[in-house]
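After this come two complexes, each holding chain A, first together with chain B and then together with chain C.
Let's look at the complex of A and B:
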């Protein structure tokens, strides 16, 4: 028997659930697959409702974790087995070695001297990273990671002599005894390469909305300047393709709830950087839930933003690394084939558990969202359950925490 | 703001759904289909507008729409449709509705629109040719007579001069007349409201028809253009080869029939060009006929295989599709069997096979204006029309 709670996933929903449960006096473990907490929010430039930078909200969460001895978290950790029943689970966790010392050593000088490079997954391939890296300045834990696979020959020699680095660290498994679980495994952006008619990710200067977030982020590949990846020039003519792979039975058969708002937000980024930029939004229907309608009104009032009702259904490479986009303006009944400097595909959220072999005894719906499991003392939170914005993901984290607390309470 | 009150025809929507457009109500007007279609023009592209007309039951608009004939049914739109509304099948269903309602007598259109009518369609020629058979049998004294020299000659029963030829001549010219009326009606329906101003010299419809034949039908160019759509990421069997083989086999067999008819009737006046049936296997016209039959089988096999292996989620073949493929299969198989039995000297099977061959050939041609085969006239007419009116 255990009164502890295991939170799977250290994104906004998972952090909220963990903190709320810990602040109610429960012992909490967080298991996070990536090297840092913060999840998808950390990758954004700004987030709703107040369009704050992610460091703003996350910093508060990190402080609450730092100050609360009841919370223990494991990064680069994955749940690889779960046995037992409600109230008494044994979770097997695999810890991938970080290969750096447990305190926050500043490796920036050493990292910049390394030569081996790999695609930076945190920037969705828009930049390269070294073998020794930290994705963002406000990363928590503030520790670097050594990715031994990316080390070049000369890097190995450099690293071998370095203090506070242990390239030989091996992965290890630990068992955690917990009474309840909160599953907040979150989402991944829908894979652009599957959108064959929209260029399958092979058209230069046709990027995803999450890639645009990285371009706009001050800690991103361009230091916050929104430019075309091919030539680093600011785009003058930008198109947004809504429902790129969403509400589509061939891809994601549901509405991801946030992509319209993400586009409006990104229109504001673009206009802030260049008031003369011309933006066209191709849409089927626009979704601005609740008070967010004010943002829609604000964007609509911009003279340089136009809306075309009609899904962009073909994207192809044009000359000078520009992008052809074809859509039917369904209101006027005209097929448009226009060229843009930059095309942004507003791809949707796919639950991280979709199509992935995992060890949770949870029923998933046909799209991969968690649809049940509460009778087993396992509670879903955040986008693992349904597409949500950050506010609602946090709320669902609190709700899951309360249910988990009640499961282990009073025994 | 101008107000427009829709007059939806609910029954028409149901009929369309029965005719193959069963998923059309799933459409949410995203307009992917209009982009997916490489043939669809920039101005008022199809099939999105047809999908909304179909959904709303705007029978008038849909039946008068020339665009349903410009569609060559490659299925790109259905492959990319996010809702599985199958616009390609909805367009085919709209064409099926035209086959059904365009020409009189409309009862044949009704029979032709579902499997329930099939027995009637079959029984008419079956009875007709049985009567011919009985009458001739009474005259000859046997249902399975041999010719004087002991050969099997189908003409002994199904005598050309006053059984087969008159019946088929009446059938052929009757179908032509009905098709002619159908085309006149279609062109009348296609005509936009108001006047049309043509700048420059107006070409006559015959020259446009020649253009369509040479530029599109002989080359099957549109089938290639169909492949130029956005990448769907889905496997699509090409229809060009199968369709082309079938079209050319029809042309060859039509030519053979014309030569034989000319040889037979013309031979009565100019004995030098007389052709006697059955022709010897080495006679050039016979060789050509057998080449035609083989091409027909190849084309049929390719087209049938394509339909059978299609992705069932996005492409469904309707009754008219299977009727047409089925009837051509039956015509080809009974024709080839008749020849084989005749050459193998199997008397009874030969006559039975030939009887069925006549039944199916008659079905193919007599019901042409109401069947999917009518597309070769109606689509050609529509393609000529759009050339005259400058939409392509």
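Let's look at the complex of A and C:
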């Protein structure tokens, strides 16, 4: 039997669940697949509706973790097995080696001297990274990772002599005894290449909303300048395609909750950088629930932003790296074909567990959202459960923490 | 008061550029017996056993770790002594550039300004420890009882969950029965996966579970008379039918929900003009009673007519108020008057709940009449966000339900039916829809928009501050921390916070219960809740010197301080969030924390060596940086190799609200040439984790400027700048810009005096 709680996923919902349970006096383990905590929100430039930076909230969360001896976390770690039952589970965790020393060494000079490069997954391919890297300036833990696959020959020689690096570390498995689990495995942006009518990710200057977040970020590939990937020029004429994959039986059979609000926020980014930019939003419904309507009204009041009710039918390459957009204006009944400097696909969120077989003794629905588990002492939180924005993910994490605490209570 | 301190240098994390041995020698020389141990460690992380051994053999009571930023290290070194950190990496070596702006050449050893800066920071660290004591927590009783205000779906859920977590519960409900708004909603929109089916609310099961639970006491026909005291030992007085009941509770879940928007706002859409125009709430009741005979029903979600009319009326009223300005009534200064925050905006804010609700009602009426009803749903935006789209999809395919986007431009009576004028529809034409009944959406007005529901017996008044900011909702300003309000220990759940569907209410109630439980445990251990959770220090008052000026009691963002009739502050440590705004406010400097106080920061400022010769040895500029946002931004700037003027000395503060004017005076009399206050954004979208700190600081700065002016010092020598945590690439320029303005102004006239 165990009083400890295992939180799977170190994104915002998971962090919240873990910290809230620990601050109520429970022992908590966090298992995170990537090398750092923070999850998807770390990739965002700003949050709606206040346009505040996500790293502000993460900073507080990380400080709470540092100060709380009840929280232990494992990064580059995956849950690979679970046996037992509610109140007494043994979770098998596979730890991938980090290959750097465990104490915040600053490898920035060594890293910049390396030559091998890989696509930077954190920037969705908009930039390259070295074999030794730290994805974000506020990374927690503040440690570099050595990705041995990306080392060039000369890199290997450099790294071999370096202090605090061990390229030979192997992965290992550990067992954790826990009484309850919170599963907060989150989401991934819907894969653009599946949207064949919208260019399948092959049209230059047709990017996803998450890529736009990276472009707008001060630590993104352009230091925060929103430019066209093809020529690094600021776009003058931008289209947003809402529901790119969402509300579509062939892709995501639900609304992704955040994409309308994300687009309004991104309109404000664009207008801040260039007040003369012209923006058109193609939508089915403008979904700004609750007091978020204030943001919608703010964007509607901008003279350079126009709205067309109608789903985009096609995105295609135009001359000069511009982009054709074909859409139907559903109110006027007109077919439109217009050319833009930049087209942003408001892609939705797909649960990370979509397509994952037998992850846990957990029922998933046909889209991959967790649909149960409570009776086994396993509680879903955040976007693993349904599409949510950050504040609702935080509420969901807090609620899941309560359920997990009740489960291990008094053992 | 650390008296024997060990200083440890972390060579691995200081990096090249600094002669660490020389710095250690300077430290030994300066501090002598106060610092019996000074060690240069190649890897500090490997020296923990050694540090522990030193602590016991030398009876060290303080340990100063010099290397990386404290942000990177806090919690790593848990040793039996007070620990402080000196940031020699991010904010010293890595951010160093020569005074002329050129990049340093470290080949000839550490440049002199860098060595001086590092020595200053180490000395400031030693002083900080000397002026710091391990805090002893102020514990309160920690009554394990949760007060739930409101007996609707959120309140019932909160009561059951709190009981299931091991707490006693007192549930206060204003009406004569439990259930709240859900009483009229036997069937709700989907509550569980697969999110496609209407569901029974099972309200009666919930009510019987609450009534039958021995740990839950229910007070019906009751409301709050006052809530006094502090988390862990609140005194709740409940106005119950049998008379006032006084109960000790540890924390509060506020779940008082909403009331429908006044019908007058929907009059332009025909409500109360035409008999067959009803609100969704009324329609739900009729449906429940089986009293719906209409067979063609329009569910109108586009409320532009009502919104336009309300806007016109508001403009006219504003004009009238302007014309008759003389007639403005005198407010009774001492008496609390609740500002009515109900407005037409509550209709728009209820868009998602109404969109889902109309789908459910249309489905129910079709079902009840065996599909003999035609339901028309007319919307501007069908706001069914997230997973409930599946329910919407199902309704799109439902027989008898027709939906279209439409601008509803008028609703009028024609004979014995109603006509709804629709423009810009998806049917390719404008049309007049003839129906028997029109159902209008409900505006959900949070109870806290109309009434100070909790009725705090606090010096700062009975209501939550800031409710205007949230249109009357008891919401949080923080996206990441949705349960944070400005009244510690009181956590809102459900529609009093935001309009939300029932599944979200239940989830929200669980979260609020967790926070309530946490708050009780924190109070019983005498430690802070968010954002300084676990902090055992608290403000201590030296009342002998207090002049009852009331600044601390007025400025505390959390209303933690009450006062007696004379105005002497009465601290409530369990309400306190440990920001230090009180001691920033105090002109007599009678407030301090064991490990953070006026004398401590003042002594650190005075520890900086300020050269007499401004031109040759440079100015000195003090930066007081908020440790939550500005300080991390400076760290990240350093890690990104952004550099700033080496004549700057940075001291982290808990919040700009804690900055006391005396620190500026200390700096000026010491000979500093300028003081820069780096803090969070303030205003409506404030970023301050303590809500008001940076705003209060900006107001105090005006007074400081006045004082400086009187003394003949240019007020421009003190500046406050707002920095976001992600502005690491801008903050060095802000600092350099300030230093260059100081250079232009010349030396502080008090220098060397």
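Everything that follows uses one rule, which is that the second predicted complex is superposed on the first by the 409 of 411 C-alpha atoms of A that agree within 3 Å, B and C clash if a C-alpha of one lies under 4 Å from a C-alpha of the other, contacts with A are read in each partner's own complex, and residues count from 1 in each chain.
Keep in mind that, in the parts below, a residue touches a chain if its C-beta (ideal position, glycine included) is under 8 Å from a C-beta of that chain, and two chains touch if they have at least 3 such contacts.
All of these numbers come straight from a predicted model, not from anything done at the bench.
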Partner chain(s) touched by A:333 [first = chain B, second = chain C, both, neither]: both
Chain B versus chain C as contact partner of A:202, first or second or both or neither: neither
Which superposed partner A:399 touches (first chain B, second chain C, both, neither): second
Which of chain B and chain C A:64 touches, first, second, both or neither: second
Partner chain(s) touched by A:194 [first = chain B, second = chain C, both, neither]: first
Contacts of A:250 with chain B and chain C, given as first, second, both or neither: first
Partner chain(s) touched by A:298 [first = chain B, second = chain C, both, neither]: neither
Comparison of chain B and chain C by chain A residues contacted: C
Partner chain in contact with A:369 - chain B first, chain C second, else both or neither: second
Which of chain B and chain C A:172 touches, first, second, both or neither: neither
Overlapping contact positions on chain A, where the chain C interface meets the chain B interface: 247, 285, 309, 330, 333
Touching residues (chain side chain A, partner chain C) in the complex: 12, 20, 23-25, 45, 47, 50-61, 63-69, 101-106, 108, 137-138, 142, 163-164, 217-219, 223-224, 247, 253-257, 260, 285-291, 293, 309, 330-331, 333, 365, 369, 371-372, 386-388, 390-392, 394-396, 398-399, 401-403, 405-406, 409-410
Contacting residues of chain C [partner chain A, same complex]: 12-13, 15, 43-45, 68, 71-76, 78, 89, 94, 161, 164-166, 193-195, 348-352, 379, 381-390, 393, 405, 424-426, 428, 470-471, 473, 475, 477-483, 498-500, 504, 507-508, 510-511, 513-515, 517-518, 521-522, 530-531, 533-534, 628-629, 632, 636, 639-641, 681, 685, 687, 689, 724-729
Interfacial residue positions of chain A with respect to chain B in the complex: 194, 196-197, 200, 243, 247-251, 284-285, 309-314, 316, 326-330, 333-337
Complex contacts: residues of chain B adjacent to chain A: 28-36, 40-45, 48-49, 80, 82-84, 229-233
